[in-house]
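Each structure below appears as structure tokens.
The following pair of complexes shares a single chain, subunit A, combined with subunit B in the former and subunit C in the latter.
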Partner chain A sequence: MTMPLMRPARKNPILRTPQMNLPPSARSRVALSLTAAAAEGRFELQVCQDCDSVQYPPREACVHCVSPRLKWRAQTGLGQLLASTTLHHSNDLFFRERLPWRLGMVALDAGPSVMVHLHSEVGEAPSRLRVGARLDRAGQAVLIGFPEKESEHMADDKMLREMGSDPKFRKALVTDGKTPVGQALVRALVKAGADIVWVGHAEPWKKLPGLAELAALPQVTLLPLDLSNERSVITLAGEIGGKVDIVINNAEVHRSHGIGNRTGTDVARMEMEINYLGLLRLSQALGPALQGRAADGVTHASAWVNLLSIYALSNFPPHGTYSASKAAAYSLSQCLRAEMRPSGIRVVHVFPGPIDDEWNQNMPPPKLSPEALASAVIKALRDGTEDVYPGDVAQEWLQRWRDNPKVLEREIAAGGT
Partner chain B sequence: MSRQSYAGVAVAVPITVPYQRYSTQGAHWFVGQALQALIQASGVAKDDIDGLCLSSFSLSPDTAVGLTQHLGLSPRWLDHIPTGGASGVMALRRAARAVQAGDADVVACIGADTNHVDSFRQTLGSFSHFARDASYPYGSGGPNSVFAFITANYMRTYGAQREDFGRIAVDQRSNALKNPNALFKKPLSLDEYMAGRPISDPIHLFDCVMPCAGADAFLVMSEKRAQDLGLPHAIIRGAIERHNAFASDPIMVQGGWRRDLADLYAQADAAPAQVDFVQTYDDYPVIVMMQFEDLGFCAKGEGPQFVRDHRMTHDGSFPNNTSGGQLSVGQAGAAGGFIGMVEALRQLCDLAGERTVPGAQLGLVSGFGMVTYDRCLCTGAVLLGRSA
Partner chain C sequence: MSMATTAPLLSALVEAMRTRRIEVIDLTQTLTPDFPQIALPPEMGQCWPFRIEEASNYDARGPGWYWNNFSCGEHTGTHFDAPIHWISGRDLPNNAVDTIPVQHFVAPACVVDCSTQVAQNPDYLLTVDDLLAFEAQHGRIPAGAWLLMRTDWSQRSDPEAYQNFDETGQHTPGPSTEAVRFLVDQRDVLGFGSEAIGTDAGQGYHLRPPYPCHYYMHGAGRYGLQCLANLDKLPPTGAVILSPPLKIQKGSGSPLRVLALVEHAA
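Let's look at the complex of A and B:
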């Protein structure tokens, strides 16, 4: 059984904060599809469309019939551990700093033999196990050998914790506590064992429903934060920049307008001010602080979550300017992800469909409850995924968008949802 | 179709450019030193070397052809075989056929690599597509972790103990003490072997080779040419190679030698019992043990008992790696694929000094190379005989 993670001792301020050294991140182009699936929490391998052979390592031609028709398909990952080893020496700094490190060689039931990072609960060979794919600190997919049966503290495995951003004992910021989504996120973080949750609120003089109850939680501290105000963002960064491990940027302005049903740009400007420029301000102020603490002990800084929208993929005209601001935020967040990569900070994109809140009052169900959104975020942090499409509407949009973005655009333009 | 014989081909002039733990020279320097030594020791004029077969990992971005201009050679036959531990056997096979066919008269076969302080780490990460995608990101232990799996699985399956691998390492060290080129100069006891620090369980320190810089080389020509030049030489009795054998084994328990073993001995018209010494490829002791099985000296799974029953020193009942092998001399990159070949030539040409295998007539050299993912892909073996 995995020993539960204990609350880490307070940091000794005299000691140098260790810097991040990423695990090897180079991959061939064909191998990046493993990463693309793992980014959404799936374990896929190439399967030959002509002879059904499952391939590994990733290939350009089928190892059995030499067909080029290899498609990435979901795997159960069930297999047999053939051998394990505990590494006591490594040529790579990331591993050298984390030795000893357990590895396994697994014969998948589907065919190929795969090298895995091995969970401490997997027994000695020969034994059954389940292989899954996770993103490592370099943001690249790696295969993990999980025990066949889940156990209570298995997420606290030293290796597995490196692959995710479990909120347990971490300090998090939720940028807007006044919305139902913000409040659900705060409660979910507290439930997940977060040490401190800082909660931003833009207008501290207003008594907003639910905030007082949140503030009463011992883990929660309210902080003034207005993403439209650079000074406010910098002040916040000065207060918590050296401490925050997880940033969840859920602040947004959402109005239901297209182009023709409103005159002027004031609402669109407000949406861009928070949804796009607010993210930019926050990234500039807090990004370096997270990057500098990416290897700071077991509760090191680890993740940045941006609440986007499925409408970032394709414009939803009834919420047209909102969609545009989320598309801008999505694009900027891709930039943030690229800039955070060298430090190993995971940038998570959350693409919900309509949330069950006041700004989607006129949207037909199904609508995503704030609680469901919050639990999808916690799961993404724990599992280390970086693209989350929570709820049925988001899933369906994603599928249609991947199938053919032009068809989706036409359907939506014709009044569809 | 039966394999054509290698009759009429001579292998001569074993050269070693002294190994160094680290060198600031490039691989080209080591190739150049090897070529110069081949010329000086053989009396063959540089312009008469009309074939070149080269193996190296550290020439990049050059390949063998770049070396022709670098060294001022104009060969009419050229081969570049970056196949590491199998490259000695492969070079010999290719060069011998070129000589038989008249495509070249004198072929210089050279395995050379340099080793800068950070070379090994850099080589590991870019060794192959599969390594970059599917093994290096897993702990970056390089071959240590791959052979840890193979060793652990072999131990579990066939009941080998660490001491059994220790016997191989200890006897090789004993041979190395009689080889002035060996980088390891101190005796190794079984207790010291057992006390080696763990690297990647069950691989410990003395199961690992030490990367270094150096070169090994030899010449291939017709027997008549060798006789005219008055060069002591060996003859090729049989030779095999095989790549990516037994790919459906989920983890390596046998090497490709096994597939072509019957051909090897049939071509040589010999049996394993007639072999006077072996130069196995010793990247890890478990692979040496597998070669004893897969080259016909004992049955699969009997390797552990075999090493308990034999002394593997040059004067023992089963001489193995009489130079000390890579485990005790050092692994000079691709020269690691040549070290067994030049040692076998020395034994058969009476150049082995105080580590001579008494009365050796027939020797076996085997090669094993290229851990692109979870096992080595290239295997090869040659039976060399004393010339009449």
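Let's look at the complex of A and C:
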């Protein structure tokens, strides 16, 4: 059994804060599809469309029949551990700083043999196990050997913690505590064991329900934060920047207007001011602080979550300017992800469909509950995924968008949802 | 030829200001991103808050100079309301900040002290009786003067206390409908000035008509000043207000610096 993670001792302030050294991250273009699936929490391998053989490592042509018709398909990952070893020495800086490190060779039931990072609960060979794909600190897919049966504290495994951003004992910032989504996120973080949750709130004179109850939680501290105000963002970063491990940027402006049913640009500007420029301000102010603490002990700075929208992929005209602002935010967040990558900070994109809140009052169900959205965010942090499409509507849009973005655009333009 | 011989009144003014016989008092709140703006239901068009970002600060963006860009609404911070701001004043001549006769930007003021009442009741409405009591003590309110309502509301430096919202909206002082009509119809004032965020009370939407100060003052071509400060430093009568708004084409109002000239006894 995995020992539960204990609250880490306070940092010794006279020692240098360790800096991040990433694990090896070079991958071929074809191997990046393994990463793309792992980014959503799936373990996929190529399957030959001519002879059905499963491929590993990723390749251009079938290892058996040389067919180029290889398709990425989800795998159960079930297999047999053939051998394991524990590293006590490595010239690679990432592993050298994290020794000992357990590795194994697994024969997958689907055919190929793979090298995996081994969870401590997997018994000695020969034994059954389940292989899954996770993103490592470099953001690349690696294969993990999980025990067949889950146990209570298995997420606290030392190797597995390197692959995710479990909120347990971490300190998080939720940028807007006034919305139902923000409040659900704060409660979910507290439930997940977060040490401190800082909760931003703009325009303190506007009293909205729920904030006082939230502030009464012992883990919660309210802080003034208005993403439209550069000084407010810089002040917040100055006050807590050196302590935040997880940033969840949920602050957004959402109005239901297209081009023709609202005169002028005031609404669109407000949406861009928070959804796009607000993210830029926050990234400039807080990004460097997180990067500097990416290897700071077992509760190091680890993740940045941006609440986007499935409408970032394709414009939903009834909420047209909101969609545009989320597309801009998505693009900027890709930039943030690229800039955070060298430090090992994971940038998580969350693409919900309509959320059950006041600004989607006129949208028919199904609508995503704030609680379901919050659960999906916590799961993504724990599992280390970086692309989250929570709920049925988001999943369906994603499939249609992947199938053919032009067809989706035409369906939506014709009044579909 | 000395100035005194060609402009004796202005020369006397300049001399009185030099000796501080005439003092200049700043009635303006500082423009900061933290100063609250008026809040309307969120589906409506909004007044932008004051926002400021550095263009450069002796750095790579401009090595030898410091400057900022700012944005705000016409009704942000201490600001001037022109008649065109309200639907009742929309068809009047010279009703926008760029066309208002400039001599109106220098005018005397009567300051009615309501600070005691407001300390008891944040929703306090200035009454006709308050105005008559003021006149009994200080003389008739002259035509063309500002009527400034002193409440000491500007001393609430916490934005939350300044806005004073609860679930039924804002609770800030202002004039009653009858007092506004008295000031316009019986006293021909230049306009009404307030320390709170609007010339109307926070609950002014529930008066008849809604927002009576905006409705009647602007409908009669009069002006508004709001978010004023330091009214406690003004005498009940005798101060002169300098309040030129920015010359915005067809502007409905503008943030501005409001100054008062106050004469001390010799």
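In this section, the second predicted complex is superposed on the first by the 417 of 417 C-alpha atoms of A that agree within 3 Å, B and C clash if a C-alpha of one lies under 4 Å from a C-alpha of the other, contacts with A are read in each partner's own complex, and residues count from 1 in each chain.
The rule is short, and it goes like this: contacts are C-beta pairs under 8 Å (C-beta built on N, C-alpha and C of every residue); 3 or more make two chains touch, one makes a residue touch a chain.
Keep in mind it's a predicted model, so treat the numbers as computed, not measured.
In the superposed model, A:Lys206 lies in contact with subunit C only, and not with subunit B. Contact with neither subunit B nor subunit C is seen for A:Thr265 once the two complexes are overlaid on the shared chain. By the touch criterion defined above, A:Trp101 reaches subunit B but does not reach subunit C.
When the two complexes are overlaid on their common chain A, residue A:Arg255 makes contact with subunit C while staying clear of subunit B.
Of the two partner chains, subunit C is the only one that A:Ser232 touches; subunit B does not reach it.
Of the two partner chains placed by superposition, only subunit B is touched by A:Arg27; subunit C is not. With both complexes placed on chain A, subunit A has more residues touched by B than by the other of subunit B and subunit C. Using the contact criterion defined above for the overlaid structures, shared-chain residue A:Thr85 touches subunit B, although it does not reach subunit C.
Residue overlap on subunit A between the subunit B contacts of one complex and the subunit C contacts of the other is empty.
Listing the residues of subunit A that touch subunit C in their complex gives 203-207, 226, 228-232, 255, 264, 266, 270.
Interface of subunit B with subunit A (complex): residues 120-121, 124-126, 129-130, 132-142, 144-146, 148-150, 152-153, 156, 197-203, 247, 250-251, 373-374.
Touching subunit A in their complex are the following residues of subunit C: 33-34, 36, 39, 43, 45-46, 49, 51-54, 159-160, 162-167. Listed in rising order, the residues of subunit A touching subunit B in the complex are 23-28, 31, 56-58, 63, 82-92, 94-95, 101, 103-105, 107, 113-117, 125-126, 136, 138, 140, 142.
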